[in-house]
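Look for subunit A in each of the two complexes below; its partner is subunit B in the first and subunit C in the second.
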Partner chain A sequence: MRQSNIGWLFLAPATLILFVVGFVPFIYILYVGFFDWNTNAVDPTLRWAGLQNYRSLVFDTTFLNSLARTLVFAFFVVVSELLLGYVLARALMADRLWGRQFFRTIHTLPIVVAPIAVGATWRLLCVPGFGIVPYYLKLWFGIDYNISTNAYHAFSTAIIMDLWHWTPFVTLSLMAGLTALPKEPLEQAQIDGGNKLQIFWYVIVPMLKPVLLTTVFIRLMDALRSVDEIWMLTKGGPAEATRFIGLHIWINVFPKTDYGYGAAMSLLTLYVTIVLSWLLFVAMTGRKGGAQ
Partner chain B sequence: MNSFVKAVGVGFISLGLWSSTALAQDSWWKTAAQPYQGATIRGISESTPASKYVEQVLGPKFTEETGIKVEFEATSWDQMYDKAIKDMEANTGIYDFVYIEQDIVYTYLARDFLVDITKSLADNTKIASPDFKPETFTTFLNYFKDPKSGNVMGVPMEAFIKPYLYRKDLFDDPAIQKAYKDSTGADLKPATTHEEYTQIAKFFTEYGADKELWGTTVQASSSHPAAFYEFFESVAPTFGVYNWGIDGTTFAATEVNGGQMNSAAAKKALNYWVDLLKYAPPESTSSTWDEVAGTFAAGRAAQGLVYGENAAWIATDSSKSTVVGKVGVALPPVEAGVMEAAESGKGYIGYYDGGAFGIPHSSKNKDASLLFLQYIGQASVQTDWALAGSRIVMNSTYDDPKIVEQDKKMNGYYTLMREDGKLFAGAPPFPFHSQVLQVVAPFIYKAIVGEIKPDDALDQAATAAEAELVKLGYRK
Partner chain C sequence: MRRSGITSFVLWVCLTILTLLPVWWMLVVSMRPRVKLYSKSFLIDDLYWDNFLAVLNSSTFLQYLWNSLIVATSNAALVCALGLLAAFGLSRYKISGGDNVFFWLITNRMAPPAVFLLPLFLLFTKWFVFGDFMLFDTKIGLILLYCVFNLPFAIWLLKGMLDGIPLELDEAARVDGATTGQVLSHVILPLARPGLAVTFILTWIFAWNEYLFAATLTSSAGARTVTTALAEYVSVTGTNWGEMAAMAFLTTLPALVVLGFVQKHIVTGLTFGALKG
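Entry: the complex of A and B
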């Protein structure tokens, strides 16, 4: 009993911080979401709106497009980073690779760069008229690459930038997971005549599931709330081609000071994120409903 | 001998007078700042040539004279607003003085963010400097006065017009003049109409095809409010569409309700402006005011509308600009009747921009900040500040010999600002500035990238603006 109390005592500071910075703001956002509140309105006070903000969201094509765009972005980056990260992890673990330690270090560097700096650097690389990317794409391939007029160019550049920044994180996670795998099941599978693909699919992937699940969740949640990198690269443009949900919420809450509607957007986005994560969890672990 | 004694006597008297005046000047700031010794005041501003001068010169000088430390943050336009507004809304008191751009002042006044400077100085005369005289400022100060009391709420720190800059060297080149005449049948001179402007832009784009030279700059970022500003504050007025096309009384934006945002004139303006992108360098669709200045300074455009805050360095600073000594300045081209409307005070032909420093109610060092704002509002600091940032906020600055000299190098930009500044106007007095901007701007972006036609963009923008104004409670 005494031990249990001491345990709670140790947990108390972290619980308190989590309560103050996590739970309290969440309740506040939940509360604000039921009001029409814009500090630049004729009446700048909170006015009860009930579920009106949520009702409006369902018909708000800009919001829905932004959400859909974010899901497409998240799908592409998470899947690509997972595939690329796995290939790189295997390559960097290969004994035959000369200068392995050097490449591991170099490869990890993007993770330590702040997202805002990543966005600014990629913008400099890609800015029409001056950037080296449009210059060489035109020179070598005759492509008129322009992230400020072509929606596809901007969207794909946002994906590539995210891959450059975050694939090393996936690589490191998978390397840790692969290194920790026991050798016996792999050897057994080889003895049983399994080919490489079969060993990968039936032995490695199941054993890597906890690592894969954690990595996918982290990257999915990050991708769904991308703001700073995108803001620096395209500011959500051209037009609204890269206005992902995080950026859309920021624009509504801060420059537009539409706090009630912004709060409702945030909560709906959180709900979508939770549902997606749960579906993914169920798909990857084979769990159904509330069964254990 | 007699005259020698007299001369020595006069000399001593003059020296005595000079030194006593100088000591009195020094001692006033020191005496006034005595209670605030060791205090630190923090300010935030958009990073402009004028604000950098405050950061690098005026702040340290003030600290030297008063012992009050000045921490100054010159950051991007977006960041500046984000930080300053959050600070004032949350009443955190991080900033003791903030940049108030002319177009946001009505929002700040409506939300009662700012300290009344006139009243504060009247209430505490010990810190009211004899060298701070609001009546010596240009009429730009009026934008920062409370419309009800007429009291000063911000001390102007920069003011400039957005003129039409052109490459004088190219326009004056006989060979180019001949080629232009052969090509168009007209004489090459700065455009006074939109048709002429487009013709010149087209000509120089063809002429500069192998020279990295285009016909015009366009501040047409497809995702930054800079595009909204260039269209509604610099281009639309030259077509006779004022105040963003929103009626100041009924807050109607659509033509059917009495607004002008989607009027025939506004549509003509947007079509003209979007069409100019054909003759603009590729960076134009990602250009804000800074990139436009950069494009012109790099010699990549023959003409353009460029914010005056950049005029001085473009025309005179060879370490940053490749067109030093090659810059001409003129009034923007206009539609028929618009110039007459502006001259009679019924309209305007472009944007009179600038900003002031104000003190938020949330500041924890109001008196020390009041001293600083008066310090930068003295006539004695204006000239060098103007040389560094091509900004003039006091009438006396225009006549300073250093400014007269710089004016010649800038092809008469200051003369243009002094004589024709009245033809330009600041942003409309809307307290819902940012809200309408965020709603309307995406339609302008879509027109820029060709996602929708300019006419449709303005129809949709006007409808959306009205809906937002209804939601905010301004329009019934």
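Entry: the complex of A and C
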């Protein structure tokens, strides 16, 4: 390591760009959030509103419901993907699995498909009257599956779509993490007579912690902000059953041009995201000392 | 051992079918004429290309495709260059507050795009205006903008890779009289090349796949991307499923081609990202 400010020269270009497209917008909504500003209103100028936008936000049940819905969605998605991804990672790593490379490639496929195309595809699968999913569910199980009228069906389809799209990412990173684990502690634990569960919990999990943390982190961020797929699948419906927070901001702010309120909404969403990630970070790193 | 091998094989066959089903159905629908659209068979009855031809004959769609290509490629190149420099700075120099800067850089990727849509829309239409030129509705605007999520990702991946290149190599080169620029171009660059390729491809795919920014911050055929074409198409035509499926397939195709070539490296890329978290 060289003690020198030359390092800053290398960082400068990236920092500058992210300052302009990342930090300036942040400061800007912070500012706009304190104003009453609607370009299509009688008075299209900025008028000081103090904390009024935030005060209204606290009583805005549509916003709060959509936020809560997003958290539920993210929780289900991240937990199931982690469990599923771990099982699949272990299965894929089984020795002497015929066609391993082929399976891996196929499994990587959903990651690279554009979310908007994922939404379009699942719409083709699930849309009532056309898709094969409602048709065969009715034919084989007698279930009336309809994502455009049944809120529960729409919500669970959104979750399953996300599982299809992102479990492979979890599988691949866990697989990478598992492959890189040193063999000695595992063998030592086996010699010491640890059972599978003990080895998993006391040896594998602590060693895998950095990988787990990163994976959950990335997945949580993405789950909290998923918009494209849902937009294509259900347009946030039926009613507001799948209107997650990003979608809510997007379809509310721009047609209404209510910028001050939109800014407050955006900022609060950002705040929740940051707090959640921070809690996750503390929870996962804090437990590290106890397990070892 | 043998039995568990068979179990996992069967598991994988089932999983592969589940993974492929949506994509397969998209392909099936895209090859169906209007009269057969409501058939529930899983098979492609005959090779019917008219849906693809209809999509590809639309000059707007071709223009959108071209825009996407330019935006994704330029953004990936920009991000790789700047990401490598930043990662070099972070990995090789003790910068005061370096950890904080790194953390801040990374948090940009965490930002929900929907949160940034509004300020960016306002900035692009009202503030970043230079004479007749404004960033709103330009490819340059999108190229810069996609740095928000791609640049942190690139820095993250590349820093992990550079940290893996032993410092002794740098020191040895410096002892031999190499300047910092030469260390970067003759020691780091050749060793980081596979990592750079992975970074380029992944960021290219992220840029190609992006929808929300493109939909909000562009308005004309000069800058709209292929993902917005797909979304527009769905809301305009409603039930022309065949052409919609064809368009979705064409949107996905480049990513699929890339996947075939670099699947192993994608795993490597994700490995670095995960292990160096």
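Methods note: the second predicted complex is superposed on the first by the 282 of 292 C-alpha atoms of A that agree within 3 Å, B and C clash if a C-alpha of one lies under 4 Å from a C-alpha of the other, contacts with A are read in each partner's own complex, and residues count from 1 in each chain.
Everything below uses one rule, namely that contacts are C-beta pairs under 8 Å (C-beta built on N, C-alpha and C of every residue); 3 or more make two chains touch, one makes a residue touch a chain.
Quantities reported herein were computed from a predicted structural model and do not represent experimental measurements.
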Which superposed partner A:41 touches (first subunit B, second subunit C, both, neither): first
Touching partner for A:74 - first (subunit B), second (subunit C), both, neither: neither
Residue contacts with subunit A in the superposition, subunit B compared against subunit C: C
Which superposed partner A:254 touches (first subunit B, second subunit C, both, neither): both
Subunit B versus subunit C as contact partner of A:130, first or second or both or neither: both
Touched partner set for A:146, first subunit B, second subunit C, both or neither: first
Contacts of A:49 with subunit B and subunit C, given as first, second, both or neither: neither
First (subunit B), second (subunit C), both or neither touched by A:237: first
Residues of subunit A contacting subunit B in one complex and subunit C in the other: 130, 254
Subunit A residues within the subunit C interface of the complex: 1-11, 13-15, 17-18, 20-22, 24-26, 28-29, 32, 88, 91-92, 94-99, 103-118, 120-125, 130, 132, 135-136, 164, 168-169, 172-173, 175-177, 179-180, 210-211, 213-215, 217, 221, 224-225, 227-228, 231-232, 245-247, 249-250, 253-254, 259, 262-263, 266-267, 269-270, 273-274, 277
Subunit B partner contacts - residues on subunit A that touch it in the complex: 36, 38-44, 62, 127-130, 134, 146-151, 234-240, 251-252, 254-258
List of subunit B residues in touch with subunit A within their complex: 81-82, 85-86, 89, 107, 110-111, 221-224, 281-286, 295, 300, 431-432, 434-435, 437-439, 442, 445-446, 448-451, 471-474
Partner subunit A, residues of subunit C touching it in the complex: 1, 4-5, 8-9, 11-12, 15-16, 18-23, 25-26, 29, 37-38, 40, 42, 82-83, 85-86, 88-90, 92-96, 98, 101, 105, 107-123, 144-145, 147-148, 151-152, 155, 167, 180, 205, 208-209, 211-212, 216, 227, 230-231, 234, 239, 241, 244-245, 247-249, 251-252, 255-256, 258-260, 263, 266-267, 270-271, 273-275, 277
